[in-house]
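Some structures to go through are shown next.
First subunit A sits with subunit B, and in the next complex the same chain sits with subunit C.
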Partner chain A sequence: MTVPRSAFDLAAAVRSGETGALDVLGTYLAAIDAGDGEINAFNLVTREAAREAAIAVDHKVAAGEDPGLLAGVPVALKDNMCTRGVPTTCSSRILDGWRPPYDATVVTRLREAGAVVVGKTNMDEFAMGSSTENSAFGPTRNPNDTSRVPGGSSGGSAAAVAAGFAPVALGSDTGGSIRQPAALCGVVGMKPTYGTVSRYGLVAFASSLDQIGPFATTVADAALVFEVIGGHDPADSTCLDRPAPRVLSVLDEGIQGMTVGVLTEFLDGVDADVVARTRQAADACAAAGARVEEISVPEVRLGLSAYYLIAPAEASSNLARYDGVRFGLRVDAEDTTAMNTATRSAGFGAEVKRRIMLGTYALSAGYKDAYYDQALRVRTKIIDAFDRAYRRCDVLLGPTAPSTAFSIGAKSSDPMSMYLSDVCTIPSNLAGHPAISIPFGTGDDGLPIGVQLLAPALAENTLLRAAAVIEAAANSMEGREG
Partner chain B sequence: MSDGWVMVIGLEVHCELKTASKLFCGCPNMFGNEPNTNVCPVCLGLPGSLPVLNQNAVELAMAIGTALHCDIRPSTFHRKNYFYPDQAKDYQISQYDEPINVNGWLELPDGFRVGVERAHMEEDTGKTTHVGTTGRIHGADHSLVDYNRSGVPLVEIVSAPDIRTSAQARAYVTELRSVLVATGASDGKMEEGSMRVDANVSVRRSGDDLFGTRCEIKNLNSVRSVGRAIDYEAERQVAIIESGDKVMQQTRHWDEDAGKTQTLRSKEDAYDYRYFLEPDLVPLAPDAAWKGAVADALGMMPAERRARLADLLQEAGTGTEARTEQTATVVDLGLDDLVVEAIAGGVPAALALARTANEAATDAEAARKLDPGSYVTLLAMEAAGALSATQSKTVLAELLAAGGGDPAVIARMKGFEAMSDNTLSVTVAEAVDANPEEWARYCAGEDKLAQVFIGQVMKATRGQANGKAVMAELQRLRG
Partner chain C sequence: MASAPRLTRDDVAHVAALARLHLTEEELDLFTGQLAEVLDHAADVAQLDLADVPPTAHAMAVTNVLRPDTVTPTLDRDEVLAAAPSVEDHRFRVPRILGEAP
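Presenting the complex of A and B:
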């Protein structure tokens, strides 16, 4: 029996009764068993719960009930999304032993749509990193070349989809943590507009930047998952009071007459093969009838600096609760303060500690105005600059990451060079705008390259129409080159 | 206060709002339940949980702002970061530089107005019990935390440093408590921690304009503690300055048993709270319609109620000065409507106020439930001389105990038939005959001896005679 590769086809096959959800699950669990020993995409495979969920879907199909849009589709969840009764670790020792008493809203929505959660994926601890090396569970390896990183922080989810362990996965994107690993692993990764997907149950890194989004092998699958997880949630005050997104219907509308701006700042300091692929993607847009022009938005250069003040500042507060009092790790000591210190010293890894210190400093009396407040002013400038660019362009185009996947260990001792991995993705988080990474050929080393599309707030329709065009061009290019 | 010195006092009052659920989650806002039963991921600060603002809490905060004559403004929430076991998230969500209520005032019963700088919303912490010899964190064997209170909505009302005496501070807390109860925002139960007071106290020499260095006193759990702690603290500061030292800015703890304030932490140890805008919440901007609806729903405040009574007493020609305390009592107990009804029903204002402040007040809860119609009827009977004061009080006690009834029926059942003039004059004459010496002196002008005869008549009639009628008869006999 062959199981379809895309979630779209898979759900259709399960819904029609052509394929059983349990059979589908079996195929994917077999792939995990065969391959994840090497890749280390999963912190936990929830085999039994997945079997029960798949059986429930099959029962619904047999009973003639609607099993949902993602009927029988295996989904991998980044391990910072709460799953009721199932360990949720953020790949940190500090959450050792904690089982959330509730499901994140996105998890509930996936379950209601008939998706089958297969496990929790590895990540940089608390989503802080760009390589999935900062993990208490060891690094995840890139399925395209296991000596390389998968990117991060949602590297486990990206690798799981790239390796065929799940047709789709969820990640969270605070500064590029979906798009950058998607690019490095050769899959589609989308960060929706801030506020379109509920953050309830997503363990917070930087609340004003965090956004959940899908990994998939196709743009249509990403769109499908986005439709399922998106929409208003009264449990998240920052979630926009809008109906669930409807994007699937527009995917084949093309981009005739659209203006695509090639963001020149994103081409600076980027490897030549990545620049070349980006230009090819621009050509594909032109070939599809879009007007393509270069556009400069100098303010995006300030994004990285602003981000590394705002995100750590919020994180320093969000991560305060890991104090050994109520849940997770506790290292006993003579008094409460000493217990807090001992717990946090033992429980957090080096990168998390670095960012907590950075953020604490940025918010401290006497420094806040020069650092945190200044970064907020920069954030406003970036938003204004994007607004000006979108008066001329419908979407912006650039690379997702400056290079293809780097070797494990290559940047571990140099935080600054690691941080630069996210230079092209961070501005969208600061602006709260949607963006997507689409695989577009390979680099000189034969590893995947991703190109990135950016769009204004709530313009997911436009974004996905353009993404579908680039995806089609990549597929036909692969046919020619392959 | 020592001669030549003046206190400068500002009060911060934390008021727990009487909402059904907590500020940012749906857990019950209840005092006294089994520890850690009214909790959920949000108020336990579990990873991934997010706050959602309680609309009813906002409305009560707006009601407090309206009652305190504040501007109700667009506001935001911040995070106040500090580590403490009863602080579930290790930060408190609180309004900081953009509070919902600013620039108001509270008028004390004597007419003095204390400025209210702000009245902002925030969440309460859990409650830590330190188990060990001292009951404080130092020296505790272990600590237990109850998160039932975590996330309970609070409004913190910050006064301007306008208060100058401990008596004024007590009056402020008492009046504020009445206002908070009147708005429906609070049950005002200081003993259950529904209201908690911190006092900022400094002293300066009379005539000085500059403020002295202040100390903040915590743990003031009753109006009495507020007064005692401020008096103690002011004297402590004066003694320091007079001995040539300087007062150090400190946070101090009031020890009720010892009657002393003790250092909790000094300015150098002050926390850096690293305030920043709470990214999990959106700005709050009540529109004019919402503010109007809250204002319209607000009943009369104590000051308005006192003014209403004062006006009525004024109109009736009753001296208001001497009645201030009675007025305050009936307003405080929520019995002023009875007085107003009685006056409107033709009962003399002084009688209406006195019966309410003295007799009805002994069981205020029952009196508040009394049918105003029967109360007015009773007082009208007394005013008309159909019942003596003593009889009237007896009937009132019966009304309160029974939760209502017809005063005329009760009076009849008690045998309180009004004494005929004829019977009364016979009894008075008997009293005069029995006390010839006093009668002579009374006739010679010793008016106060009338009391002797009134007393005799009352005794003879077992309190059923009308004192005023006895007096009239005595005056008639004297000629």
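Presenting the complex of A and C:
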């Protein structure tokens, strides 16, 4: 039996009764069984719970009830999203074996829409990293070339979609952790506007930057998942009080008359093949009737430094909860302070320790003014600069990552070079703006390249219309280049 | 604004203690170099004159978030306590607090 590749077609086939959800699940579980031994995309495959969920969908279809927009669609969840009674580890020893007592809001919404959760995916520990090598459970490998990283921190989710283990997946993006792995694996990855998707049940890394979003093989599938998971949630006080997003209806409206700004700062220090693909994507926008111009936003150059002060500062506070008292690992010691220290020292990996210390330092007496407070002022400068750019442009275009996927081990001993992988994705997190990575051909090494579109806050409609145009151009280019 | 002095090994040891982390001698050496490199990169931010720019802690700030005052279920106590490393009489159990007599 052939199962459709896109979530859209798959849900349609299940809803119409043409294909059973259980059959769909069987196809994807077989793919996981055959391939994940090598890729290591999953920390856990939730086989039995998935079977029960698929059977429930098939019963609804048989009974003539509406099984939901994502009926029978297998979905992989990054392992920092809480699943009730099912281990949620953040790929950290400190949470190994923890079973949350509740579901994240996104998980509840996926289940209500008929999606079938197939498992929890590998990630950089607590989402800190750009390669999925900082995992207590070993690195994930890039399905396009298993000697390369899949990017990170949501590398397991990106690899799962790229390898055909699930048609869609969820990731979280604090500084590019959805978009960068999407680019390196050759799939679509979207970070919505901050506050459009509930963070309730997402294990916190940097709360003012973290945002959940979809991975998919098509822009339409990403839009579909965004519609399902988006919308106000009283359980997250930072979630915007707005109706659920409606974006699918605009996808084919084109970009005639829009202005697309090619962000010149994003082309500096980026590999030549990545620049060439970005320029081709700009040409595709022009061919579709948009006005294309180069635009300089010099303030984005400060994004990396500001981010690596703000995100660790927030993390150092958020990760204080791992104290060995209420959940997760405890290493016993003679008194509570010693127990806290022994637990944290044994439970956290090196990158998490580095970030906690960096953040603690940036917030400490004598240095807070020079580092943390200064970074918050830079954040204002970046937001103001984007606002000026969006007076001229509807969307901005640039690369997602400076290079194609790098080799496993190439950057793992040099944190600063790893941090530079996020240079093009960080500004959108600091501004709270939406952005998306779309696969656009390959580099000189034959590996996927992603181009990135950025839009103002809450302009997901504009963002996705432009993304659909670039996706169509990439598909026709692929046909020509064979 | 003048740049901060370069991070020392003692600074890292102090910060690790604040963050309840115990570092080995090797980790102290390694992290001092790595964190100093990140802070050197951050000098571009630390050295800017931004006295007239207001800080942004939250890009999509919302204020006074309220909800209807209705009773909704809370987490099940036994389920929550089941995840704890040590429990006694429906409470989280910890070793003695520093300075108290046993």
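Quick note on the criterion: the second predicted complex is superposed on the first by the 482 of 482 C-alpha atoms of A that agree within 3 Å, B and C clash if a C-alpha of one lies under 4 Å from a C-alpha of the other, contacts with A are read in each partner's own complex, and residues count from 1 in each chain.
The working rule: a contact is a pair of C-beta atoms (placed from the backbone, for glycine too) under 8 Å apart; a residue touches a chain by one contact, two chains touch by 3 or more.
Since this is a predicted model, take the numbers as computed values, not measurements.
> With both complexes overlaid on chain A, does A:L95 touch subunit B (first), subunit C (second), both or neither?
So A:L95 only meets subunit B here.
> Of the partners subunit B and subunit C, which touch A:L302 in the superposed model: first, second, both, neither?
After superposing on A, A:L302 lies in contact with subunit C but is clear of subunit B.
> Examine A:T336 and indicate which partner it touches, taking first as subunit B and second as subunit C; both and neither are also allowed.
A:T336 contacts both subunit B and subunit C.
> In the superposed arrangement, does A:M416 touch subunit B (first), subunit C (second), both or neither?
Once the two structures are laid over each other on A, A:M416 reaches subunit C alone.
> Check whether A:T238 is in contact with subunit B, with subunit C, with both or with neither, and answer first, second, both or neither.
both
> Tell me the contact category for A:S364 with respect to subunit B and subunit C: first, second, both or neither.
After superposing on A, A:S364 lies in contact with both subunit B and subunit C.
> State whether subunit B or subunit C is in contact with more residues of subunit A in the superposed arrangement.
The partner making contact with more of subunit A's residues is C.
> A:D445 contacts which: subunit B (first), subunit C (second), both, neither?
A:D445: touches no partner chain.
> With both complexes overlaid on chain A, does A:D271 touch subunit B (first), subunit C (second), both or neither?
A:D271 sits against neither subunit B nor subunit C.
> Check whether A:A457 is in contact with subunit B, with subunit C, with both or with neither, and answer first, second, both or neither.
Only subunit C; A:A457 stays clear of subunit B.
> Based on the A-chain superposition described above, do subunit B and subunit C contact any of the same residues on subunit A, and if so which?
After superposing on chain A, subunit A residues 98, 100-102, 208, 234, 237-238, 316, 323, 325-327, 336-337, 340, 360, 364 contact both subunit B and subunit C.
> Taking the touch rule as given, give the residues of subunit A at its contact with subunit B in the complex, in rising order.
My answer: residues 80-82, 88, 90, 95, 98, 100-102, 104, 199-204, 206-208, 234-238, 313-314, 316-317, 320-321, 323, 325-327, 336-337, 340, 360, 363-365, 368, 372.
> For subunit A, which residues count as touching subunit C in their complex?
98-102, 193-195, 208, 234, 237-238, 240-241, 301-302, 304-306, 308-309, 316, 323-330, 332-342, 344-345, 348, 350, 353-354, 356-358, 360-361, 364, 367, 369-371, 373-381, 383, 415-416, 419, 430-433, 457
> Within the complex, which stretch of subunit B touches subunit A?
Counting only subunit B, the residues touching subunit A are 41, 44-53, 79, 81, 83, 85, 88-91, 137, 143, 145, 272, 274-276, 279-282.
> For the complex, give me every residue of subunit C touching subunit A.
Residue positions touching the partner: 1, 3-4, 7, 11-12, 15-16, 18-23, 27, 31, 34-35, 37-39, 41-46, 48, 50, 53-60, 62, 65, 67, 75-76, 79-80, 83-86, 92, 94-98.
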